[in-house]
Structures are given as C-alpha cells and as structure tokens.
Amino acid sequence: MDLGLNETQEILKKTARDFLESECPKSLVRAMEEDVKGYSPELWRKMAELGWLGLLLPAEYGGAGGDWVDAAVLLEEMGRALLPGPFIPTAVVAALAILEAGTPVQKDKHLSGIANGDTIISPAILEPEGAFSARFIQARAAEDAAGYVIDGVKLFVPDANVADYLLAAVRTSDGVGSDDGVTVLIVDARSEGIEVTPLVTVAADNQCEVALKGVRVSRADVLGQVDQGWRLVRQMQMHGAAATSASMVGGAERVFEMAVSYAKERVQFGRPIGSFQAIQHKCADMLVDVDGARFITYQAVWKLSEGLDGEADAAMAKSWVGDAYRRVLAHSNQIHGGLAFSKEFDLGLYFRRARAAEFAYGDGVVHRDAIARQILG
Amino acid sequence: MDFGLDPEDELFRQEVRAFLDRELPADWLGMSVSWAGYGAASGELEGPVRQTFYKKLIKRGWPTMAWPKAYGGQDASFTHQYVYNEEMAYRGAPESGGIAVTYVGPAIMVHGSEEHKKKFLGGIVRGEISFAQGFSEPGAGSDLASVTTRAVRDGYDYIINGQKTFTSGAHLADYIWLLARTNADVPKHKGLSMFVFPMKTPGVTSRPFLNICDVLSFNDVYFDNVRVPQDALVGEEDKGWYQAMTGLDFERSGVARFAGCRRAMELLVRYMKETKWNGRYLAEDPLARERVAETAVDIEVGRLMALRIISMQTRRMSVSNASSVSKLYGSELSQRLARLGADVMGPFGTLTRRSKWAPLSGFFELAYRNSVSATLGAGTSEIQRNILAQRGLGLPR
Amino acid sequence: MDLGLNETQEILKKTARDFLESECPKSLVRAMEEDVKGYSPELWRKMAELGWLGLLLPAEYGGAGGDWVDAAVLLEEMGRALLPGPFIPTAVVAALAILEAGTPVQKDKHLSGIANGDTIISPAILEPEGAFSARFIQARAAEDAAGYVIDGVKLFVPDANVADYLLAAVRTSDGVGSDDGVTVLIVDARSEGIEVTPLVTVAADNQCEVALKGVRVSRADVLGQVDQGWRLVRQMQMHGAAATSASMVGGAERVFEMAVSYAKERVQFGRPIGSFQAIQHKCADMLVDVDGARFITYQAVWKLSEGLDGEADAAMAKSWVGDAYRRVLAHSNQIHGGLAFSKEFDLGLYFRRARAAEFAYGDGVVHRDAIARQILG
Amino acid sequence: MDFGLDPEDELFRQEVRAFLDRELPADWLGMSVSWAGYGAASGELEGPVRQTFYKKLIKRGWPTMAWPKAYGGQDASFTHQYVYNEEMAYRGAPESGGIAVTYVGPAIMVHGSEEHKKKFLGGIVRGEISFAQGFSEPGAGSDLASVTTRAVRDGYDYIINGQKTFTSGAHLADYIWLLARTNADVPKHKGLSMFVFPMKTPGVTSRPFLNICDVLSFNDVYFDNVRVPQDALVGEEDKGWYQAMTGLDFERSGVARFAGCRRAMELLVRYMKETKWNGRYLAEDPLARERVAETAVDIEVGRLMALRIISMQTRRMSVSNASSVSKLYGSELSQRLARLGADVMGPFGTLTRRSKWAPLSGFFELAYRNSVSATLGAGTSEIQRNILAQRGLGLPR
C-alpha cells in the first residue's frame, strides 16, 4: 500500500512542470484562445518528442508504455499549465479506444501517428438531443455496398477543427437492447460532407459542432463491433472523465497555491490578509478539497493502471473533483478580490477552463446518477 | 403590517410598465445580467437601444426622480424609487444614470460649492455628463482608507500623483470623482479629500482592461503631476473619507438585484418548459425542480429584505445594517442563481453568446462569469460580514 | 407599505415575552418533556385568560378577534420560550378549521371551549404510508345508519393524549378525482376504540400514534362536506405551516441572540471569542437568516390576515425558515462549543424542538415540491 | 502507487471479520453512532454484549496490538491497526480500550517512571483499568493551555484544586489523567504538568451530566484540596503541555469514522430499498438518490484521506496536517450523513429509539443528535482550520 508516486513518476512530474513552465506560459494559453487552431503545433511536436503523446501506447507503436498513473502525473501538470490542445481526446481517449478495439490494420494506421504527433483524433459523441445514454445517439450511418453513409450532428467535439479523424458514435440499427445499435466509426475529418463550426465556450477551448451530411466511411473503418459500440463509447467517456479529473486536480492545486501565496503577500489594514481568520479558513478548506480531489482521482487511475474496473471510480472522481474545483475557485476568487475578475489576471483562465472541464465527459449530476444506479438500483 | 404598496405607487408602476412595453423592442431580451454582478453592464451588450432609450428616460426625469425639485429632481418618495428600480431591473432595461445620479450629484448637493452645483447638477439631470469613481487603488481595495494617491497643494492648485484601479467606465467618463490623500501625517481616515475634475486634464491617462465577461469596463487610471485648480476640491480638505461614507438619501434596498433575479428565473423557467434534453423537458427534472423552487423562494426572501429597507427608509430609520444584509444575501443568491441557470443547461450552459447553440443567447453563461464579481464589488462579502458583526451586532474588534 | 408591527402588536409582543419568561421558564419546558400530559393545564388556563387561546376567534365565541399577524407575534414569543402544549393544533389549526367549515352547532359546541381553555382539539392527518396527498388518507370511515365507523392509524398527531377531540381526515369513498373521497370528522378523543400511544420524538414534544378501531362518529360530526374534505385538510396544513414558521422564527432569533451574547462574554486565547472573524462571520450569517425568516413568514401571515391566498406563501415560509433555523443552530452550536452538546444547557432544547418543527406540517422538500409544481407545472 | 493492502493485511482482515461474524450477535445492529460524534458511545446503548465481547478482544490482545511487545503489545504495523480499526468500526462493534490504550498507556511508556509502567501498563493490556482524561475546564476549551486547576507542592505531595469539565466517563473511571498548572509565573504553556491518580482519592468528586443524546458520558470533576503523592506526577514538572501534545506512534488516520460512515450508509441504502413512502420506495426518490450518491462519494474520499495517512505513517512521515484534514473533513461529512439519513426518513427520522415506529431503531435520529459533537470534540472545526492554515500552510498569525 502506497499512495505516493514512484521515483520515475516524480521525475516525470518535475520534467513536465519545468517543460510546461517554459513552453506553455500563460501568454501561449491566451494566444491559443484566439488562435484558429487553438493549439500550438510546434509544442505538440515537442510533446511527441518527449514521448508524451504515446505515453499510454506500447513501444511497437512508438509509445512509451506508461500506465494511467504516469498519465495522471502528466495530466495534473497539463491542468496546472492550462495546456491548450487535444491531448486528452487524442493521446488518451482515442489512443486507448483504438488500442483496445482496433484491428491490427487500424492500429498500424493510427497509433504511431498519435505517438509521433502526426495524427489528431477526437471522439464525436454528444448530440443536440441528449447525452450519456445510447438512445441519444441519433446520427445515423446507413449501410450500403461501399460501406456507411453518415448523417447527423455532433456537438462538443473537442478540437474537431484540427482533427485528422473523428471517432464518431453513430446509430447503425435500432437495436434490440437499449444499448444496441451504436457503432463507432473512424471518420476521416476531411471527408466530403463534414462541416466543422467552433462552438465558443466560456473556456475558449476549441470545442466544435460537427455536421455530417452524406459522409462516406468504409467498412474497414468500423472500430470494434458493429451495433455493439456503446460499451466502447462508455469506455471513452470513462477514460475522458478520469483524464479530465487528473487535469482538474492540477488546476485546482495551482488555484489554491495562488490564493495562499497572495494571502501571504497582500497587505490590507496593515497586515497580510492571510492573517485574517476568514482567509485562513478558506485556505484550509481549499487544502482539504485539493487533497480529496487528488486521492479520489489517484484511486481511479490506479485501478485503470491495474486493469481493474475503474468505471465507478472515474465517476466518483469526476463528480467530486468538479465540485471541489468549483469550491476552490470560489474561495480563491474571494481571496484575490478584484483581480479574480480581471481578464488579464491568470485566475480567470482557470475559472473559465474549470467550467468547461466540469461538463467534459459528464458533469457531477450525470456521474452521480450512475453511482446512484449502482448503489440503489 | 402591509406588504402592499399605496395606490399611487401602483399607478406609477403601471406607468413605468406601459413605458417599458412601448419603448423596449418587442423581443427585448437584453443581456442585462447586472443582477449577477458588476461587470457586464455595458453599451456593448445592450446595443443601440441604450442611447435612444436613455433619452426618453431623461425626458421624464426618471433617473433623477429622487433628487430635490430645487436641483431638477422630483422629490420622489422611497416607494416610487423602489417601484421604478424594480420595474426597470425586472425588464432588464438598459441602465440609466450610474454614479452621476446615485452618488456624485447628491454628494455635490451636500458637500459641493454653489459653483459645483451650477456646473454639474443640471448636466447630470439632462444626462449630459458622466463620472468615473476613482476610489480603489492597487494597494487599497477592502482597506479603502489606505489610498496613497497624493494631492499636494501648490499655490491655488493641487498637484495629483498616483494610480487608481478598477475604475468603472473611466475611458468613457467626462469627469473623475477622486479620493486622494491630502495629509499623510494623520491617521489614514483623516487625511483624505474628494476631488472632481475632467478626465481630459493633462497628466490623466486611463487604460481600460477587459474583465472576465470580456467587457471593457474597468480601468487603471494614472495621475502624473496632474494640476487641478483649488475648486476641484469638493467639501472640506481632509474630510473626504467621511464625505465618501455619508449615506445618501436614496432608495438603498437593492431591489434592482432581486428584480433582475426574478426576471432571470422567469427566463429560466420558460426555457426549462420549452426545452427537451435526454428525452424529457428540463422542467420535469426532479433535481432541477428542487433547485428552482429553492432559489425562487430565496429570491422572494431577497425581495422582502429590500421591501423592508424601503419600509424603514420611509420611516427615516437608519438602514445601514439592513443594506448590508441585502447586499450580502443578494450577492450570494445571485451567484447561486447564475450557477443554477447555467447548470440546468448542462454543457450548453458553457456556450457564450457568440455561439449559435447558446441557450437564451448565452444569458446565464454570461451571468455565471459576471457573478464572480457579485461578492467582490461594492464591498466583499467578508467586509459585509465584518460590518454586520461589528457595527450591527456590536461584536468586539 | 409597512413591514413593522403596529403599536398593539408591539404591546402584545412585550406582554407575551414578559408573561412567558415568568410563566414558562426552561425548567417548565424540561419538566413537560417528562410529563405524561406534556403541557401545563395551569399555564393553559392563564393563556386562556389572556385571550390567547381565542386570539383568532371572533368575540361571539369568547375570542379576541385578532388576526394572523397578531397570532404570529404571539407564536414568535412561544417559539422563543419553547412553550410546550397544543397551542398551534388547537388554537390555530382546529379553531380556524371549525370557524371556517363548521356548522353553527359545531361552532357553538367547540369554539368557546377552545377560547376558554376547556377544549383541546388536534388534527389527525398523517398515516404510516404517506402524507400530503389525498391518496394516502387510508383510514376508512364506513357509513352506516348511525353515522360512521372509523378504522385506521394516524401518526404524528400532536398532543392526542390530552386532546378532547380530533379532527381526523378519513376516507369516506374512493372518489372520482384524486382529491375526492376525504372527509374531516370531529372525533371525540375518548371514544371507544381509540388507543393513543406517545411517539417519542427527538423533541419530546408529545406527538402520538392514534389507532382507531371501530370508532363511531355521528353524521353531525362531519366538518365541512363529505368526500370534499381534502381542501380543508390542505388549509389545516397551510395554517399549521404558517404558525409553525412563526414559532420557528422566534426560536431562531433566540438561538442567534444566545450565540451573540456568548461570543461577547466567552474569553479564549485572552480575548472574547466574538472578536475572532470566524465567529463574527457566523453571527453575521445568522443575522441574515433570522431577518429573512422573519419577513418571509410575515408576508405569509399578512396575506392570511388580509384574506388573500396564502398557500404558496406559507409553503415558502415553512421551507425557508426550516433551512434557516437549521443553519442558525449549526452556527450557534459551533460558537457554544461543548455547551451545545450538554443536555443541561438550553441550546439543545432548541436544537431538538427545531428538528421536530422542521417536519411539522411539511418539511422543505414537501413544500418546495408544491412550489415547483406551481412554477414549473 | 498501490491502493491495495499487502496479503498479510488482507489475511488479518479475514481473521477480524471471522471473529466479528462469530462473536457479534447475528442481528447485531448496535447503536454505534460514534462515526457521527463523541457522545453516544456507551455501554448503555450497546447492552450486555459489550463486556463479554471486550474480554474476547483482550484475549487476542487486539486493543493493544499497536504497543511494543515489551509492554505486552504486538508491535503491529500501521496497516494492521488500520485494518482492525476499519473492520471494528464497519461492523459497529462495541468500542474497546478507549484512552487507556490509545493515549495513556503510550504516554506512560514515553514519559512515565518505571514504577508507572509496572503499575499501569499490564492492567491496561488486561483491560482491567480505565482512565478519564481531565483536560478541558469551564474556562479552557479550545484554548486548552489556559487551564487553571492548580497543583501545588506540599512536601512530598501535591495539593490539587480546581475543576475539569466535559470529562468523558469520569464517573466510571479508575484513574484520572490530569493536566494541571504547577507554575503560574511563566507563559501559560510552560507551567503545566501531567498527573495520574485514582478517582477515589479523597477530595475528588465527579458529577456526570447527560448530553443531548441522553447519554451519561461527560462529567464535571471537582478537586477540593486533593492530596496526591509526588509520583502522581508523570514526566517532568512544567512539561505537561508538551507531553500532552506529543504525537504518539499510532494509527491516526481516522479510518474508524469513515468505516462507520460506510456502515451507516449501507444501513440507509437497505432501508431505502425496503421502505415505501408516498407510494414508492425511498430508493426511487430522485432527490434522495442524488444526496446518497454524493455522500457515498464523500465517504470514499474520506476513506482515501485515511488510507493516505497510513501510507505516510508507514513511511514515518509526519501526518499531523493530514490528520487535521481527515478530522475536519470527516467530522463535517458525518454531520451531512447523519442529516441525510434522518432527512430521508421524513417525519419518521425524528423518532427516537424509544418509539416502536423509529426506523432502524432510531439509529439515524441518534446519529443526528450525536453529530452536533462531531465538529466540537477533539478540536473544533475552527481550531482544525486554524491549525491547517497556520501550521500547514504557513499563513501568518
């Protein structure tokens, strides 16, 4: 029993922090909010060189063969740095989906590209009518002699504007059971009939609407089994939830640290505001929240590392971390006073990112609903 | 006990409502989320309606209705002011008057010279001049009395040096209403004075900066050897703190916030009744129903806190504690409401007004961001609690 | 527009406070927790003499002709004093039900008795299977030549052990609409077939189980209309909710005052604990809660006084006041430290009473559900 | 990283579970709501099971498993202690050992004389003697260092005068473990000493009083010219404060609280699945479902906070901050859980164990009352936050 990081992970953590501090300063984060691509291809290439993009992939695809705990270490640092770009969708969600469900041909075609930074792949799941239930996958893929033809709309697709491929959850039949009839297709994002429109969230984080009209996909691009794709979608959601939780832990910790150091420096009424009990107690509560967020997330990623069923743990992590981060931000905002409300100050970046992260791969209500079903039936 | 208003107030309410029905566009949503905070009120968000609308208000003299007739006002009762502020906010009408009307004008009536009155009051009534309030500094936020911007006598002039920050609208204002230190050798509250002079005075520069609502409202304002004549001083030298803290004889109930909340809640309810998600109307979701009911009651409680203040003001009772209660409660309520509205919309609640998918044109998303400022502006919640505990309840410092 | 009390009410408030301070000290409150009757008949008589028991009744029945605002003033003081006994069930809920729905004979028979202190009447509504919906009225009153025969169980009947009559909500038919089929019967509490067992709540407040087995009631004891009694039941709930809210406001205010004065007196670390910001901020929050609780309650009782529909207002009051009182108690407990946990200290009396009051005539969940139905359909 | 325990710990867990299956009555509910606070642990609530059960624990040496072998313990690892405490609390088993085992014994090992060790340690291991902790006074609660109970030298004796309060179990204890002032002329932390002597010593009187759980656990203890021999002093004179604050080498994770919470939650869930109210199972109520899910996650977070402490202790890292985190979080969680359980039952949640209608024999009603003490006992939440802020985060005083 050991809840700490091992030596390699400590080194990874330090390396990542140093690298991101120099390569992903807040000026880059801000620039990417306005950037048409929303991420820095140059930085992406450097991350590939560091082995980050293939961290979760085996060596045969150019990966580093790391585990989920390693990934969590990295994701925390990315959350701390507010790294823009499709790391979670591509290097975690899509990479693992293809690794686990892909044919040898699909793996060869896509995984090395992910690891070496050439390929960006993004999951396209949510639709306008609903989410997190197979019945709301209504984008239809009609089968014909040549393969499938997709029509439908996907929303909140991360980084679709720069993706090479989409892992689109589509309806291939009405199915018998409620989870049947969904298939995951690997769709070339430059296919004819695809229109990508940025959504403009509070986080300016490059989420997109993807309209698909008569988009052709070959049979060879079915990921996993036809009509049985919902399990894979759930797994993608789980991986996204675990990864996002880890990234939020890093963000929350930074927001907390900013508050503590500001409380020590900022003088009002002739003394540091950190000497006021109202401020002290907020800092103590933030400490509790950051601790709790970290360990509920660690347990989830540890289970995933061990190949155990981590679905409930990821749900617990995502729901708890989302609430904790919100509490931490509320306190940090209050401690920073007007600065918290100025766009030029970094805290607002975290505030806005956290809001989008809260809903990515399911918010607290969604995950608690799943937990309640498990506990109460 | 009577929770109702007098017939003449209700008649006036009808008049204001009729005016708003007539003068606001039929599909007026506006983006007024000023119930949620201090950062999203802006012509940018309200568009061209604002100017023409404001002229019509001025024509009726409503912005300055609370002023004495002698200064161009209407000597309106507190209940009339209450009704006006409530109806305007409930409809999300473009805001009017700002600190010129609610603060600077009245301060000039009390502390200004005859010349000040002549120079400013008419212009304010006619909606011709605007002011920026130069109070906060980088080192003086909650501890406002520690301002360090210096005003030093030089013959018949003062030379002003220093910096203000979070100065609302300074980039658009005609004048600055400035709290500056005239005496550094006395306890900090006793060495401050109030000045008013044009923003165009040489040596004044303002740098507007965006807030997290993407609205350009706050400024850093720099004073670099700014020379102003002696009559820029308002009231007595070194009495600025006490002048600044003087309660003015206005509706101080905070009803606008609660009326804005009520309007926001009604928008949300309509949206929930019309919108399906996951196969059912949002209005059918039990968790959302509970939160909506809870928050609706919270809003009603807030309205009563405001009404109570009017009841007290009508009786000329001191309302400073009741005002702190209304501010503290209202600001935290507005944060909960903004979050509720955005939460109910799920991921769609993260979409800004720039997205075609944003529900209610991004109203609650913007409110959510704006609500960060609710518990910071006009005295943080911590300061309000300090005040209530120490001044209101007599707890020892 | 005037949210204050008038001069008569201010006098009533002062009189009530003085009277209850001397006649209802905490020693009496404690004694009544162990008492088999649960209230002091002597004090009850004095309250009758003061006109309190007939406050809401017209002069023709020996009442004082007061209105709901007067009653609220009195109830606040009763809540402050933790007055034990059946004031709300008898002098508010039953008195108003009979006044509004009773036949002239019923009014003559019962109302003077209430006003002069001779008669205690209590509503018997809740049952083991459910509450606050007509369909859970399952105690059946079968009609025969001589009247009705009741069989069923009522729970949480206040002071049934000392009641002369019960206003029992019973099912007289299955009804057509969902609210049909319920009738309110005036049941002699000493009838054969009635068994009363104390329930022993956290508040030791004399709530009872009433088992009815073949209890006979004459036709003349139907209150209001046969099968159409649900409206009357709802009105009783509303009156109970409004009255309980007023009483909770008085309790909450006292709990708040205790905390503020203790904070001024109690010295730790060389200074009054009221000088610590954590304590100050709790006190400020309590002030806000007590203010809010008072005015949301006043609005409800004012509407009832004016003969306006107060059902939504009573629901708002009961739900908000219940939560506010809970918050006030949590803060006051924290400020009082160990004392809050000692049975000998008065604060615990308020804590325990508040818990029972929270559920009397519907808790926050019940009332918010009604509010949600009104707002959202 | 490894959230699992080693095989030998898991084996031990099986052993403890088998023991509990065998030795607790099949229908054991117990009224152990000590997860919720500090006031309801009592033989009265646990009935006759307690005595025989405790003897069996003693036979296995489990209560003192953490002690060094030299003093009759088993030198158990932190993970073993964790497992034992978790399983005992999860089953709501009668509590064992109390401060004799967790606090007094170890303090004697460190600070006591050889004579003290001989006199007390064996008796504690054999479960024969019990202690009351005489720390708090009417004027010394959160500010414990300000105790005024005086111990004055008189030849080879000390004469003790003063009053303690909230002394748990003093009316049943054999000895008192007393913090008293031996020097009034030095800063308050520097003039305190620790004493141990029989409760039967002439001049000691204890007055037990009920807490709001209706349990007789706390006492006022009066010392009226109590003469004790010099060897009643433990450790050095005037070093009592530092001795009292010394961290002892025990499992300090707070896991018992979280295991108790888990058990309570499982009881609640079973009740909700079996009980209909208003025509549907409580388990189907959407608001209750959300709160149950939320609280279940909270409990798991707490368990991990405890596990983290064991992980640190195993590595001999300082856990004082982590312990404060666990205490602060756990105590507030337990209040939420107690309230949730009682709320879910509606009006039935107000019924005490004396009512036949009380669900789960009044378990949650009692927990609700007991939970008042959760954030007061063993350092209030305010004190924990002060500690975390000042000692943990280095914020200035």
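Just so it is clear, A, B, C and D label the chains in written order, and each chain counts residues from 1 on its own.
Basically, contacts are C-beta pairs under 8 Å (C-beta built on N, C-alpha and C of every residue); 3 or more make two chains touch, one makes a residue touch a chain.
All values derive from a computational prediction rather than experimental measurement.
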Measuring centre to centre with C-alpha atoms, which chain is farthest from chain A? C
A-D against A-C, pair bridged by the larger set of C-beta contacts: A-D
For chain A paired with chain C, centre-to-centre distance based on mean C-alpha positions, whole Å: 53
Distance between the centres, which are taken as Cα means, of chain D and chain C, whole angstrom: 39
Mind pulling the residue numbers of chain B that touch at least two other chains? 287, 290, 382, 385
Out of chain C, which residues touch more than one other chain, so two or more? 276-279, 281, 365
So in the complex, the part of chain A that touches chain B is made up of which residues? 126, 128-133, 135-136, 155-156, 197, 199-203, 209, 267-270, 276, 278-279, 333-334, 337-338, 340-344, 348, 351-352, 355-356, 359, 363, 365
Name, in rising order, each residue of chain B that touches chain A in their complex. 39, 136, 139-143, 146, 165-166, 209-212, 214, 218, 276-279, 287, 342-343, 346-347, 349-352, 354-358, 365, 368-369, 372-373, 375-377, 380-382, 385
Which residues of chain C touch chain A in the complex? 276-278, 281
Going by the contact rule set out above, which residues of chain B touch chain D in the complex? 286-287, 290
Given the complex, residues on chain D that touch chain A span 1-6, 9, 79, 269, 272-273, 283, 289-290, 292-294, 296-298, 300-301, 304-305, 307-308, 310-311, 314-315, 321-322, 325, 328-329, 382, 384-386, 388-390, 392-397
